[in-house]
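In what follows, a single structure is set out as structure tokens and then discussed.
Each chain gets a letter, A, B and C, in the order it is written, and its residues are counted from 1.
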Amino acid sequence: MTVQLEAHIPSGPLAQKWGKHRFEMKLVSPANKRKHTIIVVGSGLAGGAAAATMSELGYNVKCFCFQDSPRRAHSIAAQGGINAAKNYQNDGDSIYRLFYDTLKGGDFRSREANVYRLAELSGNIIDQCVAQGVPFAREYGGLLSNRSFGGAQVSRTFYARGQTGQQLLLGAYQALERQIARGGVTMYPRTEMLDLVVIDGKARGIVVRDLVTGAIESHAGEAVVLATGGYANVFHLSTNAQGSNATAIWRAYKRGAAFANPCFTQIHPTCIPVSGEYQSKLTLMSESLRNDGRVWVSKEPGDKRDPRQIPENERDYYLERKYPSFGNLAPRDIASRAAKEVCDEGRGVGESGLGVYLDFADTIKRLGRDVIKERYGNLFEMYERITDEDPYEVPMRIYPAAHYTMGGLWVDYNLMSNVDGLHVTGEANFSDHGANRLGASALMQGLADGYFIIPNTIGHYLVSNKLEKVDASHAAFKAAEAEVAERTNRFLSIKGKRTVASFHRELGKIMWHYCGMSRNDAGLRTALKKIPELREEFWRDVNVPGSDVELNQALEKAGRVADFLELGELICLDALHRTESCGGHFREESQTADGEALRDDENFAYVAAWQYAGEGRSPVLNKEPLVFENVKLSQRSYK
Amino acid sequence: MNLTLHVWRQAGPRAPGKMVVYKAGDISPDMSFLEMLDVVNEGLTLRGEVPIAFDHDCREGICGMCSLMINGIAHGPMKGTATCQLHMRSFKDGDTIYIEPWRAGAFPVIKDLAVDRSALDRIIQAGGFITAATGGAQDANAVLVPKESVDGAMDAAACIGCGACVAACPNASASLFTAAKITHLGLLPQGQPERYRRALEMVDQMDLENFGSCTLHGECQEACPKEISIDTITRMNRDFIRGRLIGTRP
Amino acid sequence: MGRLRIFYASMVGKKVVMGVTGLIGVGFVIMHSLGNLLVFRGPAAINSYSHFLKSTGELLWGLRILLIVAVMFHVIAAVQLTLQSRAARPLAYTKQEHQAATVASRTMRWGGALLLVFIALHVLHFTTGTIRPAGVFSPDDVYANVVTSFRIWWVALFYVAVMVALGLHLFHGAWSSVRSVGVSPPSPQPLHHRISFAIALLVWAAFTAVPIAVAAGIVR
């Protein structure tokens, strides 16, 4: 059964939609707000900002995170910065330009109205953060300073050293803690959401596990907001945190929420490569390094010589060769794919063969060591700390890594999913980045959603719907609790011979290999065969030690990996059906003569929103057509 | 590499704990310390034993979730580094490594090496914020902030809230954590209206959580993965004295 | 008064009190140690200095009361903070390696206790004359009291030993107290204690010189 996905985009000119909509939305009277309980799962930028702001408005908020403190959400890891169309540099920036850049960067696979609203709110975010005490970099005169970032021709990125995400999150976290102290928010750290409870078609609460005691509990409310971050850990190795998971949105999917564009995942080209089988995560190195480094591998497969011993004419500066005009500065997806190709040919470097050199020798010769040190000193240090190699002397080794997921739960203009009352914000939803996210735009989206959008739209939902009183003793909660408990016990009772981590690694390899930087029909079909087999083996042979009445990290991981084992299949299915290439989704079958991604607007200008159809049945594909009234679709070109 | 680990094992908050010896074989010097523990845990799991619980998340030195007292040093022997960024090449084949949880009355052990650091959140709740409800902010450039102030604020704001300062302090004091936040917000113009009130509230909460006092040993500064300076503590004391003796009006 | 009570109730308040009272002590020991050096200029010099001090009457008593009150607060706060800090770590580490703490900073508590005992004995010895290791005491002849006492090797040794403790206490204390009261300028290397090292060295050397000189027969 397909459902009608109604995006609820307000009518009127693009620039007036949000203002008009805000006026038209119904309001909850101040006295009534505290009678509404809102459940916010996630305390990152999207969740933390939402919980704090809704509490400020007077709602009764319950906020959940799996870490020991809301301050540790993975938003903390963002380094580069956050975009805003302030035009402080007087370089021609505007809301419209930020809107256009973001839409085009996403390869025209997102909604005009949503993206415009994002650009419109970007300035307010910076104002809000400065008021909270976020120490954005400044000039000597005291004005805010900007840098340029990823493709944009204007300088609109605000930053706080290399720790922008951390400082923005601390701003939201501190606002949240203030509300916790005031009693407006009840915080539940070390608590994992394991199911969504839908009553009479409306999301009315969640079932959680207290990760310290193992207790399974229910929380009821009038609306649920999921802000649980991205699912890049489906690739096992990624730049995400160890605990980053898809469980919350996956459980919601299984309760009826549509999952949009799951195959839109972003691979970042400059990460420190894998050093061994037991590697647990990949560390991002700023992309800016490609401004001064030259990327190369040996012309000979399996060349194990010290890179410094390889003579110039035996080196292949493949980016400069393939993309003479862009060279080492080829866009993220191109650079990532090219690295994969040379490694697939056996020419990769380092012990694992999964890496390419990023060589600064020429630049050091030209500009001197000091200049390089001033530009990249801290990055070089971080690199040396991890790899024990001195990049001033030996070329750096880099490799692409899974980084961000544009896909997520489908939401309408109000950030509500197709399940009434279930709202989704931040990286967990699919909304604003289309098929590819531009640098410094995720932080912007998380905060726009959290501070400015959801606190407004949630009130409209509460007033427009008749919500019966429901509490956690309702039969639907009891049933969901029983299911969660049953699942937990199943994990513990298998007592097989393989660790959870080994399954995660294996899934990651399948995903990376067949559904990573470039995808093709045969590969995806192979993955679609392998994943169910692996899942079957998981449920037969996994070993989850310990009990369910204590802190049990293996049990937590088992639940997350079990969900990845299902989500991975959906990602491949989506990638298989979308036979065009767009943004981060590169189908080998759909490329131009010189290997560029070739979009197919005629057949694929839509959001693919997948609907769960029950155990063992293929999910149903719903399509929300993307209508472009303001911009003309163009093919991205790097020539 | 082959290592001998002495690890604190404690089944739960109220259970007694003890140091247990494990052999860790086949460890690569390129592994991070936590990856080494992952390997040990996979081995324990396959042998039917309960793996060692330890906190971690980002594994890139920024979330502050990882902890561990390694050979008597908070976050291990490498300066300015959180445990997750410590690599095994800092150790030698055949080494014996002692691994203990953060120890402080205010940080009760949850299990093995994982402790409850919510006391730090409560210190922030008491006043570690600028009251600025969403929506009322003026333009971000309306107030000029000298670069020196922002840079100083950023130095202090870099705190990741890991609690290493408490763990390393011979008195189990949370002064560096508290002072870092007081300094971050107190150096910015936006933080001035609440500056003295903030210092009083946060210091009082620190007392209520039963942390120890500051002797200025400087252990916290050495242990801090973000190398936050104990100068911030001087600043905290100054704001506290001013607030208590003269009043909280800026 | 209420304000001060609330101030003192906090650990930071107590620490500030320790700092202020410690600084009073530092000032006192600097003066005292310099005064003692008059011994080297012969009986007349030191005895007349002592007479001068006693002739100030109320002023001397004012100072004495200040010092007594300071030591009282210093000691009470020290005991309270020590107890609180002990309680803050109920279970010690199996292994703990200090990275920055110095011998001085780590001996503040035991060293302080030793100083307290010393202060009591010292007052009973030279001020009131209650304890007379040499059997004689003359309220008017400080010089004689010093020389007769320090000729006894174990008295000299005791003083010399305690002065090591005092030197250490000052090395950390003179530095930390300034920071505790919140007036230290930020520095790139806040753990460098140059000035307090100089103060500690000065006071230690001046105080130690007298018993050594007497014991060695340089001052008779």
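Some points to look at:
As a convention for this text, a contact is a pair of C-beta atoms (placed from the backbone, for glycine too) under 8 Å apart; a residue touches a chain by one contact, two chains touch by 3 or more.
Computed from a predicted model, the values in this text were never measured in an experiment.
Judged by the touch criterion defined above, the protein chains link up one after another in an open path, with no loop closing it. Taking the mean of each chain's C-alpha atoms as its centre, the chain lying closest to the overall protein C-alpha centroid is B.
Of all chain pairs, the one linked by the most C-beta contacts is A-B.
Greatest Cα centroid separation from chain C: this falls to A. With centres set at the average Cα position, the gap from chain B to chain C is 36 Å.
Mean C-alpha positions place chain A and chain C at a centre distance of 62 Å. Between chain A and chain B, the centres computed from C-alpha atoms are 27 Å apart. Per the touch definition, chain A reaches chain B in the complex via residues 49, 52-53, 56, 67-72, 74, 76-77, 86, 88, 124, 126-133, 135-144, 160-161, 163, 166-167, 170, 173-175, 177-178, 180-181, 187, 189, 212, 241-243, 275-276, 278-281, 283-284, 385-388, 451-452, 455, 497, 499, 501-502, 543, 545-546, 550-554.
Those residues of chain B whose C-beta lies close enough to touch chain A in the complex are 11-12, 28-32, 34-35, 38-39, 41-42, 44-46, 48-51, 53, 55-60, 62-65, 78, 81, 85, 87, 89, 110-111, 114, 116-118, 120-121, 124-126, 128-141, 143-147, 150-151, 153-154, 157-158, 160-161, 184-185, 188, 190-191. Chain C makes touch with chain B in their complex at residues 3-4, 6-7, 10-16, 81, 84-102, 105-106, 108, 172, 175-176, 179-184, 186-187, 190-191. Contact residues on chain B toward chain C in their complex (touch as defined above): 6, 8, 19, 69, 71-73, 98, 100, 103-106, 168, 170-173, 203-204, 206-207, 210-219, 221-223, 229-231, 233-241, 244-245.
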